[in-house]
Each structure stands twice: as C-alpha cells, then as structure tokens.
Amino acid sequence: MFSSAQSLPPALFAAFGLLVLAALAAPIFARNRRAAGIVHLVLTAAAAAVLLLIGFKAVFQGGMSEAQNIVLGPLTVPFLLDGLSGLFLIVLSFVVASSALYAVRYMDHDPEYGVGGFYAAFPLFVLGMAALLVVDDLSTGFTIAWQVMTVASFFLIRYEKRSAAGVRAASKYLVLMEAAWLLVLAGGAAAGGGVGDSLHEIGLKAEGLSGGGVLLVFGLLLLGFGLKAGVFPLGQLWMPDAYTAAPSPISALFSGVMCKAGIFGLIRVFFFLSPAVAGFDPRLWGAVLSTIGTLTLFIGTLQSVKQSDAKRLLAYSSIGQVGYIVLALGVALWTAGASDPAVRALAGVAMLGGLFHVLNHAAFKGLLFLSSGSLLYATGTKDLNKLGGLVKLMPVSAAVAAVASISIAGMPPTSGFASKWTIISASLLSGPASPVIVLFGIVALFTSAVTLACYVKFFGLSFTSSRSAVTSVKPVREVPLSMLVPKIILGSVIVLQGLLPFQFIGLVRSALNHSAGFPLAGGLETGFEASLAGLRIKDVYGVSLNAAAAPLIVLSLLVIAFFIAAFLRGSAGAKERTVPTWLCGYQQLDEKNRYVDRGMFAALKDFFRWTGGR
Amino acid sequence: MSTNRIISSLRAEFGEAVRGSSSPAAGRLLVDLDRSRLREAARFLINRGGRYQVGVGADERDRTQTFGLIHFFAFDRERFSIGLRTAAPASDPTFDSITPDIPSAGWTEREFRDLLGMRFPGHPKPKKLITADDWPDGIYPLRKDVPYNLVPPSTADVAYQLDEAPPGTTIVPVGPFHATLHEPAHFAVYVDGETIKHCDYRGFMAHRGIEKLCQTQVSYNEVPFIAERICGICGSVHSVAYCQAVEMAAGLSISRRAEFIRVVCLELERLHSHLLLIGVAGHLIGFDTVFMHAWRIREQVMWLSEKMTGNRKTYGMVVIGGVRRDITPEMKDEIFAVLKNLEAEIASFHKAVAGDSSIHGRTKGVGKVPTEEVVLWSLLGPVARGRGVDIDARRDFPYAAYDEIAFDVPVTTDGDVWGTIVVRLLELFESIKIIRQALDKMPSGPVLTEYGEALPAFRTGWSIVEAPRGESFHYVLTGEENRPERWRVRAPTYTNLQGIPRMLRDNQFADFPIILGSIDPCFSCTDRVAVVDRRSGRKRVWTKSEMDRLSRSRS
Amino acid sequence: MWLTSKFKQIVLALKPGTVTLKYPFETRPVPKDFRGRPVWDHTKCIGCGGCANHCPARTILLRDLCQEVRVLIYDGAKCTYCGRCAELCPEKAIVMSPEFELAAPRREDFSQTLELFMLTCNRCGRCFDMEIKNAIDKLDLRGYRYDNIETRTVLRRTTDRMEPAVLDETEAARRPERIGG
Amino acid sequence: MPGILAKAAAKAFPKSLWLYHCNSGACNGCDIEILNVLTPYYDVERFGLKLVGSPRHADVMLLSGAVTRPTLPLVKRAYEAMPAPKLVFGIGSCAAGGGCWFDTYNVAGGGATAVPVDYLIPGCPPRPEAIIYGVALALGLVPQKAAPVELKQVEFPIDAYLRNKAWEERNVIYKLIKD
Amino acid sequence: MRFLAPLVNVAIFLALAPLFEGVLRKLTAKIQSRQGPPLHQPYLDLLKLLGKERLDSAGTWPFRFAPLLAFAAILAVAAVIPFGGRANILAGRMDVILVIYLLTLGGASVLFGALAGRNAFGLIGASREMVTMIMVEPILAMTLILGAVKLGSLSLAAAVPSAAGASYGISNALMLLVYLLALQAFVARQPFDIAEAEVELLEGPFIEYSGGNYALFKYAMMLKQMFYAWLFVSVFLPFLRTGVYPLDLLIQLLAMFVVFLLIGLVGSTNPRMRIDQAVRYYAVLIAAALAAVGLGVWGH
C-alpha cells in the first residue's frame, strides 16, 4: 500500500479523511446512542488502523528524511513523518481504537446528555493530535493542529454541560491551552522562525542565538509544551480538573496520548531543534529538565496519594508519570552533553527508557482510566470512599486493574518496572557526571514506592476492601464485553511490555534511529543490551556489568518460589473455612467501620502536607 | 466551710425544700431535699467547691412507696461528704437530670434508668448503659419484685445505637476482646485518619448482678468475700470499704490492731497494683521489658501477701469486725525484709525508667486534660493527682489507721499520661513508708471484735477508701435479715472512665492503649453494681406470659 | 539521657539474672497458711450444714437421702477458696489444704461427696453451740434430725442449679451392693 | 511428603500453643494471673506458649470469668473465629463453674455454656503455678491429680436400708436431685 | 556450582531464618530475666501453623494470593543475592534496583492481603506498613546505591560489597550509622513494629490470616530480617572475607548472628514509636543517608 516514504502523506490524509467522515457521520445517528457509537467506532478504528500502519512503517522502514511542504490554499505547512512521529502514532492509534470501542457502551451510562457532540468532537480531537505529531513547524501547521485538538477536547471536557465544575474545568483548560499555544508561537518567533518554517529551518535561523536568546526561545517552548505535558507546577493547573470532568474514554486519551503531545514537543525542541543552536548548553538544559521532571514526579505522585476520587487520583498520578519521562529526557540531555564518553553512553539508555515509559504509560494509564470508567459505569460513583468489594462482582475488571496497578507501581516483572528501571539506573549511573542526578534517581525510587501506595489504595479501596452502602445496595454487575475487550487488549499489551521489554525498547530504538536529525541516533546501542535475557547496561565505566534486569528470569524465579509457597501452605493438609471478619467481637463489618481514604497513609499525608493537592 | 455552715447556707438558699438533715458519723451529712430543687442544689454544691461522687438509687416501695435517690458530694478541703437525698413516688420515678451541669453524673443516671426504671428528663445521652443489648426494657432487675435469677427472653431489635459519627470519621471497633483491654468492654473509637475525634463506650459486659444474688443467699459477712471479687486487683479495698460502711452504719468500733492490719493489706495492694499498672503501661507502649521487670518486682508482693493472707490477692482477710488473720512477729520480720528488698528494686527500676526519653516520647503530652476539666469530670486518684488536683481520701477522709500515719501525697502538674505514671512511681515509695509505720505503730490486741447483737436495721453509712486507682465509695443501708438492705459501690474507674472520651480527643489512635491504660481501668469494678437488697417479702416468680407482656410494653 | 537510661535498663535486666522457676519440674514450697482446695474430714463432719449455708459461692449442696443418710456435695469448680467454710465449721472438719494443682478436663474432677450418717440426738435436739459469738456469723441450724421422710422435701435448698453432671458422678459412684434381693 | 508434614504439624501443635485471652466477664484476678505466667518467674514461653491478639492466630482460648449475658454470643463468635485445631482453657472458678454469681440475671454460667471447655483450672484466682500446671497437663508433662473424692462416714448398715426400704428411697431421691 | 548457588542460598535462608528468630526470642527473654523459649521454637511455630485451618474472611483471590506472593518475593531475593561473598549465576541478570523492588513487592503483597482482609485494624496496619516502607526504602536504596556510585555499577556483585578495601570512607561510616539506626525499621522490630503493633492493632495487616497463610507471612518476615542482617554484614563488613566459600559463609553467618544480637538488644529496650514520630525520624535518616551518598559521589 505504501511503497515508499512518499506514499505516507496520502495515507495520512486518508486517515484524516476517515476521521472527518466519522465526525460528520456519527452524530447523524445520535438518536440511537449505540448506532452512533458503532459508526464512530468503525470509522475511527479504520483511521487508527491506517495510522498504526503508517506508524509502523515510519518506525521500521524509516519515514521521511526531511520535512515536505504541503500547500493548503494560501498556507504552506511543513510535514515530517519520521520514526518519532511514527512511534507516537502507534501509541495514539492503540489508545484511540481502545477508547472508541470502549465508548460504544460506556456512553450509555449517562443518558442525560446527548452523544452527537461527543462523537463529532472525538474524531476531530484524534485528528488534531495526529496532525500535531506530523506537522513540523511552530507556526501555521502547528496552529491548525493545536486548535483542532484544543477546541475538540474543550467540547469533550464540557460533555457534562450542566455540571458547573465540568464547565469551569473546560474553560480553564481552553484558556491555558491557548496560552500554551501562544507561548509556543512566541518561542518559534523568538527563534526567528517565519510562517511555514519547518523545525529544521528554524534551527538554522536560530543558529547564532546565545545567552538570553537561547534562554528566551527554549524557556518559552519549555513553558508551552510543559504546560501541555503537565509538568510541575503547570500540570496541576488544569490536568486534574480536565481529566476528572471528561468522560472516561476521553480521560484515557488525554492521559495516554494528549499529554504525550507535550512530551513529543519537548523532544522535538530539545533534541531536534537544539543541536543546531550553538549557544545551547545541553548540560544546563538537561539539568533544568531533569529538575523539573523530578519535581513533577515527586509532587504529582504525592498529591495523587491524597486523592479520594478515582479519576483525580489517576490524573495526579499522570502528572507524576510524566515527571518520569521528563526526568529521562533531562538525564539524556545532560549526559549527552558530558565529556566523559562512558557517561555519554547513558544518554541513549535514558532516552530509550523515557520513550519506553511513554509507551507503557499510555497502556497502563489508559487502562486505568478505562477501569475508573468501568467503576463509574457499574456503580455510578468514582469516589473511592463509596466503593469497595467489587472483586467478586467484577472479576475481569479487577484482574486487569490489578495488572495495571502493579505495573504502574513498577513491581517486577511488569512493564512499569522495565521502564522505571531503565530511567533510574541511567540516572544513578550518571553519578560521576553529576551527583544531583543520583539524587534525582533516589527521589524517583522513593516516588515509585509512593506510586505503589497510590495504587494499593486505588485497587484496595475499589476492588477489595469491604462492600459499601453504594456497592451493596446497587445491583453491581461486570461491565459489558465491549468494554472489557479494550481493557483486556491494553492489559495484554502491558503484560507483553513487561515480559518482553527488549522488543519494545527495540521499537523505540528503531524509531529514534529512523528520525532524521536525532543527535543520539546510532549511539543508542552503546553499552545497552536488550535481549531475551533482559536489559543490561555494561561497559560504561569499563565495568563489565553496570546494571541488569531480566523480567523473564524474575518471573520464573517468582513462579518457582510461588509454587514452593503454595506447596508449603497446602502440604500439611489443612482445611479452609469461611468466617466473618473479626472486629473484636462486638461489631460486625458495616458501613461505619469500613476503612476509607481519610485514614490511608495518614502519617505520610500529614508529613507531606506541604506538597498540596488536597 | 463546715458541715453546719453548708446546712445553713442550703437552708437559706432553698428554704422549705430542705426537709431535714442528719449526720450518721463525723464528716458525713445527709440532707433531705424536695426533688423539684435537686438540680439547683447540686449546682449549688458544685459551685461551692463540691466534687460529685456518685448517686445511689433505691427501690423503697415496700417501706415508703417511693424510689429514693441520693447524690453524694465531697468537700475534700473541708473533709466532709454530703448526700442530697430525694425521693419520687412509685408511680412517677422521675428526677431532674443533673448531668448537664455535672458530666460525671451521666452514668449514675443512666444506670438507674436501666436498673430501677427511673427517668431523668434533660439527660444529654439517655441510652442504655448496663443491661445487655437484648435485655427487654420494662424489666428492671434492681426492683424488688424481680427475682435475682430472672432471665428474660431477648428482644428482637438488639442493636445498640452508637453515637452519631463526627463528619469524616470512621469507627475502629476496640473490644470486647482486644489486647489492650483484658476485660470485656467495647469502645467505638471514631478516627479521622489516625486522629481520635470521639469515642463511644458500650461496656458493662462484666456486669454480674451481684445484688440480686445476695437477695436470697448471703448474709453480712459473706458480702466481703463477694466484694473482693468485684475486682481482682483492689479486692481488699472493696471489702474494707464495705466493712467500714457497715461498721459506720451500725456504729461498731473495731480493734485498733485490726485497723492497722487493714492498712497493711491496703498498702500491699497499692504496691502490687501500681507495679502492675506501670508494667502494663510499658506493655501498652510496646516496651515489654518494662512490663517484665515491673511484674518481676511485683511478684515479691504477691508472695508476701500469699504468706500473710493465704491468697495471692490479699483476699479473704477482711470481715466486719476486723480481720481474719493476725500478723505474727515472724511475719512482721518477713514483711520488713521484703520491703527492704522491694525498696531497692523499685529504686533502681525508677532510675532506669524515669529518665528514658524514648518513654517520654510516647507518654508526655499525651492524654492532656486541663486541671479545671479534671474537677468537672470528677477524675480521681493518680489520674487526678497526675494532673495537678491534690485529692487523696487517705488524707482527706482518714479511715482505718491512716490518721496515725505520716505520708506524702505526690502531685504533678504535667497533666498527661506521664504525670499519672510518675505519681504512681512515687506512691510506691510512700506505700512502703506507710507499711513500715503501720507495722511499727501497731498496738497489740485482738484482731476480730466479737459482738453479740444483730445489727440495727435501716441505718446509713458510707465509706470512702483510697484505692490504687482513686477513691472507692461504698454506701450501705443496713437491713433486717442479717444482710444489707442496699449496698452501692462506686469504684474509681466508674468516674475515670467517663472522662476517657475527653482524654482521647485529638490524640493519635496509637495512643489509645496508653491513655486508656493510664487510668488503670478496671471494668469489672465499674460494671459490678453491687447493691445488696434485703430479701423482698413480696418476691414472686414471673410467669412467661407476664414476662412477654413486659417485653412488649416497652416503648 | 536516652543512652544512660538504656544502660540502666540493661543493668536492671542483668542484675537479677534469669529468675524463671523450674515449675512444674520443681515445686516451690507452698506457704503454710495457703488456702487451697478445702478437704472434708468425714470422720469429723456432723452434717450441720453451716458450710453450705455460709458459702459465698453456694457451691456446697446438702441433701437428705433418707432418715439416716445425708449427702454433702462440694462442687470445686465454683469454689472461691475463701476458707469461709473451714472457718465456720464447728467441728473443724474442713481444712484448707495447700493443694492447688487442680486442673482437670472435667468439672466432676473437683467434686467431693460426703455421705453422712445421721442419728437422732436423744437429748435436747440441740447439738452444739457456736464458738464465734458474732451475731452476723451465726449458723441458723435447724437441727440435724430429719424425720419428715414422707414429704421427701429437701432439707436445705442452697441452690437451684446444681450441675447435673456432678450428681451424675455421685450416682455412678460405688454403692453397697443390694443384698437380699 | 504431605502426610509426613501433616504428622509433624500435629506433633508440633502442643509444643507451640498460642494463647488468646478471652475475658467473658471476669473480675480481673484471673486475667492478671494469666499475664503473670508470662512474666520472668513463671515464663510459659519456655513451653512455646505466647499471647496473641487475634483469634485467627490462636490455638488456645484462655477463657476467664463467668460468661455474662452480653458476652455469651461474643465468646461464641470469638471461638468461631479461631482456626481448628483449638483448645479452650477455663481459667479460674468463674470460667470453670460460674463462680459465686453463676445464676444471677446477667450471668449465663461457666465457660461451658458458651464453648466446649477442654481444661478447667479452678482457683480464685488460680496461682500462676496452677495455670502452668494446667498447661503442663495439656502438654502431657504432668499427671492429673484432681479426681472426684467420695467419702463415707461408715459403711452404711445394710439392714438400715432394708428396714426403711431405704434403697428404693435413695434411688428416688437421687433422681429427684438429678432432675 | 554456580548453578547450584541460588539453591544453596535459598536452602540456607529457609533453614536458618527461624533459628535467627529463635535467637532473637531467646535474647529478648534473657534481657527480661526469663528463661525464654528453646531456640528451635520458631520451627515448631511454623510447623504448627501449617497444620492449622486456614480461615478466609474475604473469599477473594487477592486475599489468598497475597501470602504466596509475599513469600515468593523474599525467596526470590534470597536466591539472587551473593551469599557468602560469591555472586551466583543469577547475579549477572539482576541488580540492586531489582532487589529493592522485589522487597517492595513483598511488602506490597502484605498490603494487598490486608486490604482484601477488610479488617479495620488490618487496614490501619497496612497503611502504616506502607508509610514505613515508603520512608525506609530510600534508606535501603541508598545503602546499596552508595556502593553503586562509588564503583559505577549497580550489579549485585559489585555494589553490595563496595566498601571493600580502600574505598571505605567517611560516607560508608555515615551510612553504616544510618543503617544501624534504621535496622529496627527494616526488620519491623521495636521501636518500629508500628504496623503490627500487637497491643493496639493485633498484628495489623495479618489480623485476618491464619494457618498456612500466616505461616507464610511469618516465614517471609523471618527471611526478610535475615536478609537485612546479611545486607549489613556484606555491605559494611566486607573485609570479613577469606575467599574460601565455606569459610566465608560461616564467617558471614557468625557476623549475622551478632547483628541479630544487636537487633534483639535494641528491640527489647525500646518502646514502640508512634507512626508520626517514626516518619520524622526516618526523614532525618534519609537526609543523613543522602549526605552519605553525596559524600560517596564526591569520593570520600
């Protein structure tokens, strides 16, 4: 179908066309919610399939080597579809397809609001995001893509029009996104980029910048894209509200893909634009980025622990996870600028880890948002205090949510572990380059324990724990199959990512190697080995082994130990008996003495009260 | 203020409502009052520095066709105790609640609501206190027409309504079987996170209904043996207090030697009780070594009392008229020897514990109650003395031979758990001092006074004895058939426990054990309701249908 | 402050050494006046019922089987070991033994049964005088001549709920064989 | 292998009894003596015994005190909450037979009214040694000493029975008592 | 031999962990002037627990799954560590970050189990356990990372005995102090047995577990404390090494015995801290550990 790189744009436009068609066709059936959903699903999924193919092609066979101008009437828009865009398109298409499938039944649960607008905005939002990934400028094309994405998502957040909080969240979102747009435009202009200049051209124009100029350009761009990605403290301004207000499939898209658009922008700016700028000091900006990343992951995650609303918890946690990615980018930038070649080798590792985390985060956070949507769908509430005891009622949802929770908490041998391991070991090993990065690595380790606390709470309070008034009165049932399937697909992706991280690292590496102008291309292999036996960093300081993690071996170890444990437990032939919960004899388990979020980790929340977010 | 002055001021204030007054013994005063002025009079006494002790309700229908109620107040500085006696006709057993003014009266009133069917309009928390959850309303076990072994059928709706939860809190159900308690009582602790916001108490599970048991079986001198078993720690306190109350009511005087021996028993008991509490306090903050060593030291006292009295708990020593066993000269030497050893051990223990900052970290600033509130809640004993209130019945209401003995009353103003522990540590040394003095000053003579005549009926006496946990109060109205007509016990825990929700407020849940432990709670003491009633002439057996009718007639 | 306390605590711990007694392999002597299980001397008991009447735990049951035979059953499971019975026994037929190792799996194992042989006193019907003069400790005996066998009433109803198991045991105990058909 | 382990577990059971203290309405005396057996002089931990807080971990319920009306269902519940195999020790005269308040309106009786009691340790309170003796009895370290005592003043003259037709009377009266 | 080494590790851990627990109990008893249980008591306890009924108050898979996972995680750790100073076949595929996460996994499964148990006490205990874990994990991590930054390797074989020889500096001494101060928290002994808090929480997270499930948790706890004793010995006393494996093993075990004596001594002479006090205490330790790592990076 696409014989060469030249055929990519037409395919891309075909996908865009499908999306536009979906936006036009689906609302026609809005009377029948399911029909509209199915029409939307078919068209969007087709578009996603095309985007997926484009993405794979770009990643493995190499995309366009330089930007092409496409003339849209009076406007010229530079397009660039390289490995990096391809990688993000793959992520996008997976999450979009899952969300679209999920939305078909999910949108039933709230018949108060019509779905016409929703199904019109959904594909346009996807279109905007996809376009943002392929436009290669900071002016015209960027503006069009950004505005399509922003306005569409504004209407999606406003879906529950009669909820004042939702409308407020949407308005705030709109204002901030427009601000981000202006910041990026200003950044591009400050660099001297004209209308329709591709990134490469902007880089050439900004070549001579130094000192204040660099600071201005990169500061503005960092602010703009950072606002989108949700770094501290900008993410806290809009992410929790917007994510919570939007319908769950949209939240999954927001967290899984949209905030990655910010990351994408940061990568483009700091890795593709910067090498051309002579005055750009990668060590300084690496330090800035990794500091911001560390702050983001630390504070975002700690704020997440304090939430009792499932979606708010996930939203804050998204900020935290973005922090990991930004930290990885920062470490990569920093070490790339180091003079010691041993340290420079770590830049590739950090980069791979960061992008691998992008993949992982899209999968597990998407899944978690879909899970929170399932909670809302089945019980009518997403307040963790009012949930509980759903593991028996919704066993499949519980199982996939458990996989995602364990994974995001970074427990071996899951996907979260693989990517966090890569990021953390890269930062710890950069010690000789800068002790501060070691500190960041330690903070990241600490934070992953906090993440664990978050998701123990999320999973424990909603699925295990005891039945609440809500979940015991309402007839709670497992969600329909069409909502389970996307979750199971994402769940399997998570498991695959966890057990076969080298495959995905390979994907990322291929993407980066096929990105024209990526400064570390070719150097990604140095000292980093990703194979069936796991991930290894070696020979960095002339030490034969610097770090290693082997999910498959860990899994087999755990399985063996697990069987030893099971054997031990069952060996003496003891019986099992079901009994009521023991509450010292007098009280029975009821609504009053069940545990709620207030008491979870009270000491920790008190100690970290200064991080805010309550 | 003397007793005369309080009478005259009461008369001046309430005029005709004061029907009369009597003084059964020195420092004891009974004032008959019209029930309409009860609440005002109670407030009057409290405002003049009185400390609420307890209320005593009684079914006096066969004598006067009334339900009687006496509220007792102590004036510790002035060294007298005054009872406000009122009565309500049998058809309308209603009294004004004094709880809004005096929070520590809350339980007394709830108790008589349960056991005698009295009503107290204005009570802020008119809930069940004593009887079991499934005990039917309308059957009041202390009334004379209810047999002592009546077991009514359960009512259908048995759930006890816990207090409304403060917003944002959940309940941690503590007890009845919980490692902190060792005795059955239920605390619903309302926590916000780990911070305690409120606490509801559903205790009285160790309520054994001693009174009705005695209605048919026991005579005066068996009661001390049952009284001892009100509490496994301060047994002698209860038997001494009971015997003294009977002796006061009947006007008996016992030999001086017996009084000294009683002092030795009481102080031995204080020694082992305080060591016990200090050990348990260590255990409750997770410091088991303190527990082990405190109890190791304590064991000598147990062995000593086993030798002295024939039982490890100084049980079976005290009867009306004196004590059962004498202290022989050999025993005296042995006590001295043990005391010497004990003093050394306690001193080294004291040194090892008192300065430990890790213990301070868990006990200082925990369970703080300001001094004014201590008085309001009528906290007693070390719980009050550790919070700056200087009361001690041994000094304020001298009994037995304490008037001849010199000792100090340690008081600290810390206001927290640590203060109560320090007070107990210091009291150990005082107790050793007291026992030594008692043994030295003990005159010779018989230990049991014999008397040939039956005790006079319907005389009142009440004795106040300083138990290790605070003041124990026994009220006795003598009866006709060789047994008391009415006997009421108020153990110190009864009032201290009412202050527990106040002490817990805004503390951490982790401090719950030590705060509760710091009052050295004795639920069995609290739950006893040991009221001996004269055998009722109109005893009747309840038929099943009558009982069913009663069960239904509630509400 | 903290460290010195720790040292003192360790000294406190080490000074006495290990004090654990070797019980049950070695037994510490029991104090001589210890009140353990009460033991009836059936050669001294006159069956007056003072013990049954004054037992605070009402654990002593006295029944007449017939004109000559009176049964005293002591249920040790409820006994509080107060020694009140021994104190009041006019014949000192009850001794508080130092026996305290009483644990047993069944309730009946603590019981003592006395079969008392009662005779009619042919003098005044009044049998003894209390030595203790206290009016409140009096033994209000109704004599121990029981001759109203026709009504089969029980002489002294000390309790309404004597455990049937105890009585079972009494029933099963060896009795004189019936002789002469 | 499973069989061997099961046997070993059964063998280990008496050597590692974890005690759960359940006070069903005692006066404190027995509870203190229960704690006392853990203290240095008596130290039952040398037999592998220790006190646990949750009935889930317990092997032995140490029941002290007469079972009162409110605690009767609660004690049953606590017993249910213990995993088999389990033992119950009734500590003190109250748990053994109800003590001096065995028949009052708020007392249901001794421990046996609520749960099957395996060993009774009477005493008021039992000395710590007496509790250890009870434990040792359960462990099989010491022989049982208590046994029903039956005393007779004389071998009753058979002819007296016969003369009064007393043998029949005796049976009637024993039955009367029994009912 | 290299292939057998993980098995040897696991066997030694399984065999000796209860013995060390027995040592602790005996020592505690001695400090309390008691005779104490026999040294082999923990074996009997575990055996007995295995034979007991398993009570299930939740009826859900997380509840049954948790003890297995807790045990498996710590056993996996035992398999990969270089015990006796010798890195085994697995060490080449694992590093310290993995060990840290595996330990966290063990702790997390306790939490999942407690939450599934639905008991208020269990939940309080679990949340305290989690807080403790969050606060002490960085200390553990930094203990290992100190070696890693000094040698530029996170591998188990290199990072753990990093302080060997000349590189033993101020940073190691400081870290040793921090480790000792945090040791009681690692092994959940007084004054940091806050999550189990027998008196107030009745064993906290384990309150609903009985029989074999509880045995697995207990066993896992014993293995864990043995691991931390081993970690101390091999990180801070790396010079106790001869190069002969059996001898090294013996020396290491003896040194661990001494560490256990220390744990017992501190554990029996301190009251339990409150969780808020403990969190502040850990924060100070974290700061000190950070300082140590900083010094280590600067080459001290």
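Should a chain be cited, it is by its letter among A, B, C, D and E, assigned in written order, with residues numbered from 1 in that chain.
Operating definition for what follows: a contact is a pair of C-beta atoms (placed from the backbone, for glycine too) under 8 Å apart; a residue touches a chain by one contact, two chains touch by 3 or more.
Fair warning: this is a prediction, and the values are worked out from it, not measured in the lab.
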Which chains sit in contact with both members of the pair subunit B and subunit E?
A, C, D
Within the chain touch network, how many edges lie on the shortest path between subunit D and subunit E?
1
Based on C-beta pairs in contact, work out which chain pair has the most and send it over.
A-E
Centrality ranking, top chain (CA atoms only):
E
How big is the gap, in whole Å, between where the Cα atoms of subunit B centre and where those of subunit C centre?
31
CA centroid of subunit A to CA centroid of subunit B, Å
66
Suppose each chain is reduced to the average of its Cα coordinates; what separation in Å results between subunit C and subunit D?
19
Taking each chain's mean CA coordinate, subunit C and subunit E are separated, in whole Å, by 57
Residue numbers in subunit A touching two or more further chains are 570-575, 577, 579-580, 582-583, 585-586, 593-595, 599, 602-603, 606
Where in subunit D do residues touch two or more other chains at once?
5-6, 8-9, 39-41, 43, 46, 53-56, 74, 78, 81, 83-84, 99-100, 103, 124, 127
Residues of subunit E that touch at least two other chains are 31-35, 47, 50-55, 120-121, 124, 198-199, 202, 207-208, 211, 269, 275-276
Throw together a list of every chain pair that touches.
A-B, A-D, A-E, B-C, B-D, B-E, C-D, C-E, D-E
Where on subunit B is subunit A touching in the complex?
162, 165, 168-178, 186, 188, 191-195, 202
Residues of subunit C defined as touching subunit D within the complex:
16, 18-21, 23-24, 27-28, 40, 42-43, 45, 56-59, 63-69, 75-82, 99-117, 149, 152, 154, 159-164, 167-171, 173-174, 176, 178-180
Okay, in this complex, where on subunit C does subunit B touch?
1-2, 4-6, 8-9, 11-13, 15-16, 19, 31, 33-35, 54-56, 58, 80-84, 87, 96, 132-138, 158, 160-161
How about subunit D: which of its residues touch subunit C in the complex?
40-43, 46, 93, 96-100, 102-103, 110, 112, 118-124, 126-127, 129-134, 136-137, 141-142, 144-156, 158, 160-162, 164, 166-167, 169-170, 172-174, 176-178
Inside the complex, what are the residues of subunit A that reach subunit E?
342, 389, 391-392, 402, 406, 409-412, 417, 421, 424-425, 428-429, 431-432, 435, 438-439, 441-442, 445-446, 448-450, 452-453, 456, 459-461, 463-466, 533-534, 536-537, 540-541, 543, 545-550, 553-554, 557-559, 561-562, 564-566, 568-583, 589, 593-595, 599-604, 606-607
